[in-house]
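This structure is in structure tokens; I'll ask about it shortly.
The letters A, B, C and D name the chains in turn, as written, and every chain counts its residues from 1.
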């Protein structure tokens, strides 16, 4: 049996299907997609890729199906789905997914199209697996699909620990070995054995702390917003076909930006870490409801309005008003006194963590350093917020 | 400069005062007091001592005074206080402190008596430090005393990380390097620079998770309660002088128990991990208010009453009803928009963590395995609670 | 299945036999024997015990028999032997074993007597295992006994990593997961699959580096020699029965020293870290052959001779001339081109490491600080060595 | 002061010069050069970059100059040189340096040209540093230049630990904190204080073990040889200007290969991990001296000869016969009895490690899988070696 050394899980053993899947070009491409995309601009060690993360998720899925004594071939389907679950990611992962969805109407978890008639699909079929069933599992559907995508999934168990390991922050509080020991199948659904409230909470805590210090760091949000606007321009102008776009690597996207005049500046700025700065950074309570969680078209219209006020080019203003945070982990099921309960029903901490997630929400308006003061003033007027940078 | 290798902080550099203090018998005794006393009965790797913890607290204090640019000789006083802060601990640390307080009316943080006219006192004086001032600092009083004992103290920064390291649980979420970078002195008081809410919360989170999985683990609470009852017996019977008692090592206390017939059984049970079992383990909402957070005399009276009902010897019943948890960390000060605020005013998470702390509260009644069923029935009657073991 | 959290191997799963064995008083006693005895006087974090080490060795044995597909009941015997392999250790482990051997003629690996007619023996029999067979396995005899005690044993794999983890030195270079993957049974004997020379060498390297920085540190050797002399006195005087001596805990031995006037000084010195100092510390090439690797009687005679010359009490001189180092790891077998070869035949590094081991050899003469200069002069005369402390 | 979180050294504090240097495009480019280039094809977690490594080397240099009490402005020069020491690296670092040297006659450590008249040069001058002096320091020349490039340099201290951390192998045995504590300046040269033989050896050991398991892994050597041949083709054909070539990123080089028909196949093979295989893999003792450590022209001629024999295209044969290994660490100076000695004079281990390095030497001949058998036969004939793959 082939084994691979991993910096998080040590040795990972591959079954023959996994080995064949790894040899496909689509899986090898994940070596070029950084797991945390532009977070490395803040945490320079965060260069781990979706390839090693995929191996980690596969490893945890293997251990889970062993413990849960899931029979073959379902076990094999779950392992295969865990391994390929990120194969639909575009360049820079989550940071281009909105642009891709706008232009091809498909989320990265919907990979049925990708598995059909493809090298991966052929490998799956050669090993007796149906591509559609694997694709459904990746999307959290079908028997035990929630193990791959759900409130207790192995995807999150891996990425929280791996992201903490590579950024260097001490917030990877997931005790994944204990979570795996505590997993049970009750009426066909995953649940945690009694006595594991703290273990389940710790996953939620980890994500809350990682959001505050890593995932929602303003430098990463700025870089992400810049990537989105440049991607939109490429796609809206028809400069790149959306399907081809979705298969680019991180570096190829930047190269594509660089080669097209309207996006060339963004490429240079990201490569040289000469990013837009915050003109506005406002807490939820300081933002009128009508400006929180904006639709994309409305966002772009506001950008033009602010740019107009500030007398700058529309591309010099980025408005970033994310939707309210969600916490799927709080829906995790626990066996309590023989009954299934949701974590949120059992844990007073969940409400606190939800509040905490809302507290780190910020409305951002970003602009090139040279015009950031003008944009601040204009944005404060248009959005009726204070022209300040909240801590 | 002498350096010592530590498994948590790597190399620790000692100033001459620290080196001389380490050579005293009182400091060397701390090598024999386990930091987590009986937790090693649950987590076998938790054998670290108050000696290494003391070195760790000294190290963090040194780094803090460097960063805060505290002048000598105050800096030296703070470092010395950090090093000796646990020298007043009796055998098994916190697990005998209530018994000691009942018999000598003194808490382990009150070490003025210990520093006066002692080897440690002499060392301090030889190095130009006043023992009383050092003792006050250990108690959190005087200039920057809160660095040693307060809402942001280096004691907690060390023990949370060290306890996590040695138990193996992944909940040592303190980023102490960042906490130290963020420390400021504002109007003579310690505060965290703006933008460190998540850092401050993480300390509180760490303690909450450690409470749930380590510090309040029922096996450790049972062993602690057994130690308390045996200690009380020794002291009440006058078998050991309280001052001598307070200076015993962990092993010497067990040996003393073994040598005295009324406590010999407790010694054997702890040594062989043949502990009392839970007869009752009830959540706060299932316990009448009058039985929550009991005074010691009332506890002992209830034990006798339950023993009487159950027809067993009074020593075969232990009632353990702790007081409500407190969270000093939530009082930590943060600089927000130039003003000082308490963490609890800034963080919605604090309320959730407080609720969480209350949720892990349990009323326990413990008895030897042979009579645990009889005691359960009797205790349920006397305390009007359900005869069950809550998860 | 019961699981235990370990700071080195994370979760360890116990089979029913292991669980029952852990409940014996003899196994629980190992919680009170520090794995590295007096090394904690140099590395304050080195407080781990033979109990957690025993769990670790059990864990590695479990994984090894799984990988090697060893059938039950041999697999169970190997796991049980791994768990109890250190149960014969006296107080302070290796540091009293010579004294015990002199007085009861038995090495700590010979535990047949201990398993017969004992609580452990009964547990083994209840679970269908023969105590004699388990005892033989602990001694490295019988089928696959070398897995527990041999050139590739799981004992060493655990302690090298564990000792590095707890001292904080970065020299636990054993990749035990890879060693376990590489294990093969060839003609009934353990060997490493081809391509693992570096893996095998790394075990040898780890021990060499640990010897130089930890195991042979002079402070630990001095404390060990002091323990030996005090133990000898206790036993020679008949103050303690040898069999009882062998079952004491670390703390009980110190208490026994303290209670007996001729050894009381040693107890105080070790407790307060007020140790003998080096009078002589000489390299192998600077020591006449007749003084290298001395028999015990000869050593004691030299001590008396030196004391006489120096005009001090014989108890004030300790001569410590260890035998030449051995390296069992170099006998490990590797499969090379289908043939078995010893590591030492394949690896040029082995000779270098052997030379390295000889280089750290030192002849020591130790004495109380007050008389160390007098003893140095006398010892230099008697032993015809230079009166210096080699680096 | 700005601080950056690093996964190896935790927080790194930047002086103003460092902060300004980091903002240059040349330093930001290092985010796109993997420290271990193609090693990630074997160890998927090895995605760390020369950017984070540069920060680590800067950090260790800062600590070293603090400890050695080096005065400003020399200290600042050393820190700046540490930070920019890798700025001369081409794409894929060491794996294209031979090609670059052949075409522009310059090694990556010669960066005088790069610092003159450049953004970096301007930053250095603005902060009062002479670019030529910094360039000399990077090359190991001038006062304390050996701290940046020499037998005890901070470059190696960082990369050994960092590479081990990211690959997941346990061989980062450098105790860099202790090395830094032990550094002394004796007669203007760096040396280790007495008593640090084991510490110095451990650095050499780490590199030996890393060579065997990571740096000289055959998959990495094959990928490196493929990169070299494709780079040579690009440069020899004049498809890319050598100076531009030297400034490409890893991804840009692959894209350049892909865009040029003669190298397109290499790009696909590396991207999809569909590499050449070993036709020959022979130990030093099995290779005639005339074929060990070949000049480049001779190598290419042999390739053509083998290809001719095998009836395949010359591009389908790669001969890889590295020169003998060197070990600069063995020249490290130690203070012994007040005199300076080289480590190799003091340590018997050095010879063993040198032998060990020679043992892992292999002559490799690589070819596409489809023709590897034909190439093996032809290569065995031409090189008069056995047609086998040594372990």
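One rule holds for everything that comes next: a residue touches a chain if its C-beta (ideal position, glycine included) is under 8 Å from a C-beta of that chain, and two chains touch if they have at least 3 such contacts.
The UniProt protein names, listed by chain, are A, B, C, D = Phosphohydrolase.
Here the structure is a predicted model, which is why all the values come from computation and not from measurement.
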| item | value |
| --- | --- |
| Shared interface numbering between chain B (Phosphohydrolase) and chain A (Phosphohydrolase) [over half = same, under half = different] | same |
| Of B-D and B-C, pair with higher C-beta contact tally | B-C |
| From chain C (Phosphohydrolase), the most remote chain by mean C-alpha position | A |
| Separation of mean Cα positions, chain C (Phosphohydrolase) and chain B (Phosphohydrolase) [Å, integer] | 34 |
| Chain A (Phosphohydrolase) and chain B (Phosphohydrolase): spacing of chain centres that average the CA atoms, whole Å | 40 |
| Distance between the centres, which are taken as Cα means, of chain D (Phosphohydrolase) and chain B (Phosphohydrolase), whole angstrom | 50 |
| Per-residue overlap in chain B (Phosphohydrolase), given as positions that touch at least 2 other chains | 10, 169 |
| Graph class of chain-chain contacts, one of line, ring, star, complete, other | complete |
| Of all residues in chain B (Phosphohydrolase), those that touch chain C (Phosphohydrolase) in their complex | 4-8, 10, 23, 25, 28-29, 31-32, 34, 40, 43-45, 47-49, 51-52, 55, 165-169, 249-252, 255, 271-274 |
| Chain A (Phosphohydrolase) partner contacts - residues on chain C (Phosphohydrolase) that touch it in the complex | 3, 10-11, 177-178, 181 |
| For the chain A (Phosphohydrolase) and chain B (Phosphohydrolase) complex, residues of the former touching the latter | 169-175, 194-195, 197-198, 201-202, 205, 208-209, 212-213, 336-337, 347-353, 355-356, 358-360, 391 |
